[in-house]
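For clarity, chains are labelled A, B and C in written order, and residue numbers in each chain start from 1.
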Amino acid sequence: MANLAEVATEATIPHTRKRRRFHSLRSHWDLYLLMVPGILYFIIYKYVPMWGIVIAFQNYSVFSGISGSEWVGLQHFKTMFGNSDFYKIFTNTLLISIYKLLWGFPGPIILAIMLNEIRNMLYKRSIQTLVYLPHFLSWIIVGGIMVNVLSPSSGIVNQLLTMLGFEPIYFLTSPDWFRSILVASDIWKEVGWGAIIYLAAIAGIDPQLYEAAIMDGANKFRQILHITLPAMMGVIVILFLLRLGHVLDVGFEQIFILYNPLVYDVADVIETYVYRVGIQQAKFSFTTAVGLFKAVIGLLLVMMANRGAKKLGQEGIW
Amino acid sequence: MKLSRSEQLASGINHVLLGTLGLLALLPFIHVLAQSLSSHDAITTGRVTLWPVDFTLESYSRVLQEQAFLNAFQVSVLRTVAGTLVNVALTCLLAYPLSKTYIKGRSTIMFLIVFTMMFGGGMIPTFLVVKATGLLNTFWAFIIPGAISAFNVIIMKNFFQSVPLELEESAKMDGGSNLGILFRIVIPLSMPAIATITLFHAVGHWNSFFDTVLYITDRKMFPLQVYLRELIMFNQSNIDNNSGYSSNMDSALLALESIKAAALIASTVPILIVYPFLQKYFVKGIMLGSVKG
Amino acid sequence: MRNQPWKKGISLTMVLALAVLSACSNGGGSSGEGGTEGTSPTGQNGEEGMERKSVRAVFNNGGRNFPDGLDENNNPYLDYIRENTNLDITLQIPPADGYQDALNVIMASDNLPDMIHSMDPSWFENYVQQNALQPLNDYIDQYGPDLKKNIPEEAWKTVTIDGNIYAIPSMNAVPGNEIMYVRKDWLDRLELEPPTTLEEYREVMRAFAQDDPDGNGQNDTFGFITAENLARIAPILGAFGVQRGMWTDRDGELVNMSTLPEMKEALGFLAGLHQDKLLDPEWPLNKEANFTEKIAAGKVGLFSAFWYDTRGPILTNKNNDPEAEWLALEFPEGPDGKKGTMGFGYISGYNVVPVTSKNPDAVVRMLNFMNGEGYRTLLLGFEGEVWKEEDGKIVTDFEKHNEHIYRQTLGESIRPYQADEERDRLDSLGMEFDLNANIDKISEAVIRDEYLGIPTPAMGSYSADLNKLEIEYFTKIIVGQSPLDDFDTFVAEWKKRGGDEITREVNEWYAANK
């Protein structure tokens, strides 16, 4: 709706742009004023420190500061790309990220819709509160529990498998299983938390729309397909775009806690690599260089996807 | 309302699936809760699963009686309340104009905001700015450096955009000012979104600890998360620990497993109850109905 | 970083005012402002002829809490140091988690303290390279007689670069961690003798895994247990005369033990254990909690214990099973008669003075006292309050001990080498735990790293990656995912990926410091 109105006004008066700009400033000066604190915040605390990015091209020393540190050009990028494992690490990162995106991104959306269909308020609220609990447990605690639950000898999962006549599975040490475990445990931990924002989107839907649909004889599935989902679309697109920006961040803590030498081949990612290599000398410069690399990729993806979303008639981020 | 047979079946499956998921989410919490009520020996021999063994409330009495815990708790509550208020206010003020197509340069501003989500100056440059603005070792260090989250601005802007234009326009016809419309119409209509970012910020404040590491040296201002990490860390003898720090040895006397669990519960539960409290804003249609009606 | 008025000396009137001030204030650099330099009448409790000065120091408290009403700048132990050194000391204690990050922002600020304690050798090396630290030779000669006495030559070597001493090191309290422990009651039930050779150890492992040592009729015990990242195998490696990652002299050159044929033999032995199902099959996943849980729950009767595990999992196991009886063993003797366990480096922490400090002399005075005369009190607590001597033995009031635990932050930051007080303290924790006996046994058997320098530049670049490579290869070899001969591939890879460069640098140091 909002879109249509926008397009209409935009289209009818293209030749009065100049006058409109002036008009906009004069009649909405209070709105411009509202933005001042926020914009100041971003300038002072986000953009002023951004000169820090240049340390990616230095051997930055905290003590000497940026002006006193030695310039090394692209050395840190060469170190990163020159590592003989880099190809493997990059592939692992991308694969885990894509799996998490593919399975993990729709999770909260589905959960929110499922919750929305519960009529009993008490049940709905209880489940809603329960599913967001794991978000508050640290991976250290969850990891300890997972080792126990997935243990081939004493874990409950494998006991069930053995009862059903299967061989016990070494989930956490098997390269075949490890990524699935990463994705599944990540979904379990964050799905409830992620659903909150979609629940908010659903809460904003005009109930009259449903009433009208029911009049038209639409069943539940059609209502979801034609009312709930479209109403969530704006938020879904925005979150998807923002998620793309972090496509090379796959969750350091989770992997660091769960992985072990037997699955390094499939689980070593950029973040664990940075932890290993960056932890020592020139730490700040190296980590900044890797961060810069990840951010550039993320930004490119977001810009492309944002354009795509706009072409498809969605609102996009900017 | 009558449901068709297939709808009933789907609804049944839905209930069962959600129930299972809820249970799966709850179990680890019960596990930690049971640990907090058990003896150290029972925990370290792996006898505690979902029910306390050698039931005792001693861990809680020790955690809750400690002055350092209470002090840290107070700091956390204060920063969460004050910080969240500032966050939400500033976010809304920035996001509302950005949701209006007639605001010039909004696209550029949005891009620059998204840009900060991907590129940052890093720890040291940010520290130097925080220092230069005189926030070190003040309560403001908890609030100002993280005053606005780009993510939440984008979310709020998006929600503001979905507020039906007719409502605003009719208010304008009636002579409402921009600010009047924001506070009387747009904000009440956006309560689900505001509740969401309130929750995000509150949880963020409650869980944050790294700003304390960097900006605060006065131990009286240490929040709960720092207290908790120190407690847990003190007992954390890394398994391949080579440092030979003898403090590992003293830990057995001090930070028992049960105390760690109790501290964890005592410091998590307060933030958990924020959500159920905010849930009333997630009820479908209630907002729209109340304004329109 | 430049002019700092608060670091100037202080006049007599200020001294008195500050004594009050510093007792109430905490942290911050504001104390000691103003005043004039050099007018320094000795305070009434101070040492003769020692100038009244101020020191601002950063320590790591390792997560210890202060009792109600006290804090890092307001407690009797700090007062004790203040009074005895005639120094006005202000402490800053960043959160223990994130400590090294806090040190970095402190170094980036323009208000540097007089002293910083770091546990990280790379951190130390890094700031030496940046000329951020002061050489302390002269001050140690003048003000540090106890430091010179209590810190051994090998440790000074590590912190001396081009003849300049850049840190006053704190010593490791113990020579090493690991010692073999066995369930005596299991041995007795199966009529076995305590093993001494590696072969006998293997037989005990076999029996513990297969012959139902706990007599419960179930096959639910392991012969041996290790943990993630190849932890808890030091005595086994020692039987082959090697330890992971250490440097040893072969024909006048230092070589890395992880690449020696003896290491391959040791891996072969461990792989045999895994193959014959004598080893806990989940060992690559064992974290501290899982590891101790299995011992405490009576699943294992033989493992490489930390010397203080007698107060940890072993104690829990005894509480849990009244029949359990544990015995410290001789280190296993390998095929060539070798034995040993992993020895620590000498140094556990570095106390450094940034170049901006005007009070390096005061820092040395403070540390000299903490390390010498004051150490006993900082370690044990106040006599008569925390402990007292009865029949030549120290008796500790554990409630007081815990309440005063924060004092150890000060003690362990500048620990002397093998101080008698350590022994007294361990004995006072309970003779039944054999803490000193274990340390003595470890001390006799440690295999030490012969490279004593700080991390070399190539180590900074490659060692973390090489360590991961090593753990990956070794773990796969032990669990049988890779054949033993992959060890040779590992050695080649190791050399290629920076190992050769590190070896060269290490030997440069060796040639200069032999």
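The rule we apply is simple: a residue touches a chain if its C-beta (ideal position, glycine included) is under 8 Å from a C-beta of that chain, and two chains touch if they have at least 3 such contacts.
None of the values given here were measured: they were computed from a predicted structure.
Taken as a contact graph, the chains are fully connected, with every chain touching every other chain. Chains joined by the most contact pairs: A-B.
Once the centre of each chain is set as its mean CA position, chain B and chain C turn out to be 37 Å apart.
Averaging C-alpha coordinates per chain places the centre of chain A 40 Å away from that of chain C. Here the CA centre of chain A is 17 Å from the CA centre of chain B. Chain contacts: chain B has residues 46, 123-124, 128 touching two or more partner chains. Residues of chain C in contact with at least two other chains: 104-105, 108, 228-229, 287, 289. Counting partner chains per residue, chain A shows two or more touched chains at residues 62, 148, 284.
Chain C meets chain A in the complex at residues 104-105, 107-108, 122, 125-127, 130, 132, 228-229, 281-282, 284-285, 287, 289-290, 455, 457, 459-461, 463-465, 468, 471-472, 474-476, 479, 481, 497.
Interface residues of chain A, counted against chain B in their complex, comprise 1-2, 5-6, 9-10, 20-21, 24-25, 28, 30-32, 34-35, 37-39, 41-42, 44-53, 55, 62, 111, 114-118, 123, 125-134, 136-137, 141-142, 145, 148, 188, 191-192, 196-197, 199-207, 214, 219-221, 231, 234-235, 238, 242, 245-246, 284, 287-288, 291-292, 295, 298-299, 302, 315, 317-318.
Residues 40-41, 44-47, 66-68, 123-124, 127-128, 131, 137, 209-210, 212-214, 217-220, 222, 226, 229-234, 236-250, 252-254 of chain B are the ones touching chain C in the complex. Chain contact summary for the complex, chain A toward chain C: residues 61-65, 79, 83-84, 143-144, 147-148, 151-153, 172-173, 260-262, 264, 276-277, 279-282, 284. Residues of chain B that touch chain A in their complex: 1, 3-4, 7, 10-11, 14-15, 17-19, 21-26, 28-29, 31-32, 46, 90-91, 93-94, 96-98, 100-104, 106-126, 128-130, 133, 144-145, 147-148, 150-151, 153-155, 158-159, 161-162, 164-165, 177-179, 182, 189-190, 192-193, 195-196, 199, 203, 264, 268, 271-272, 275-276, 279, 281-289.
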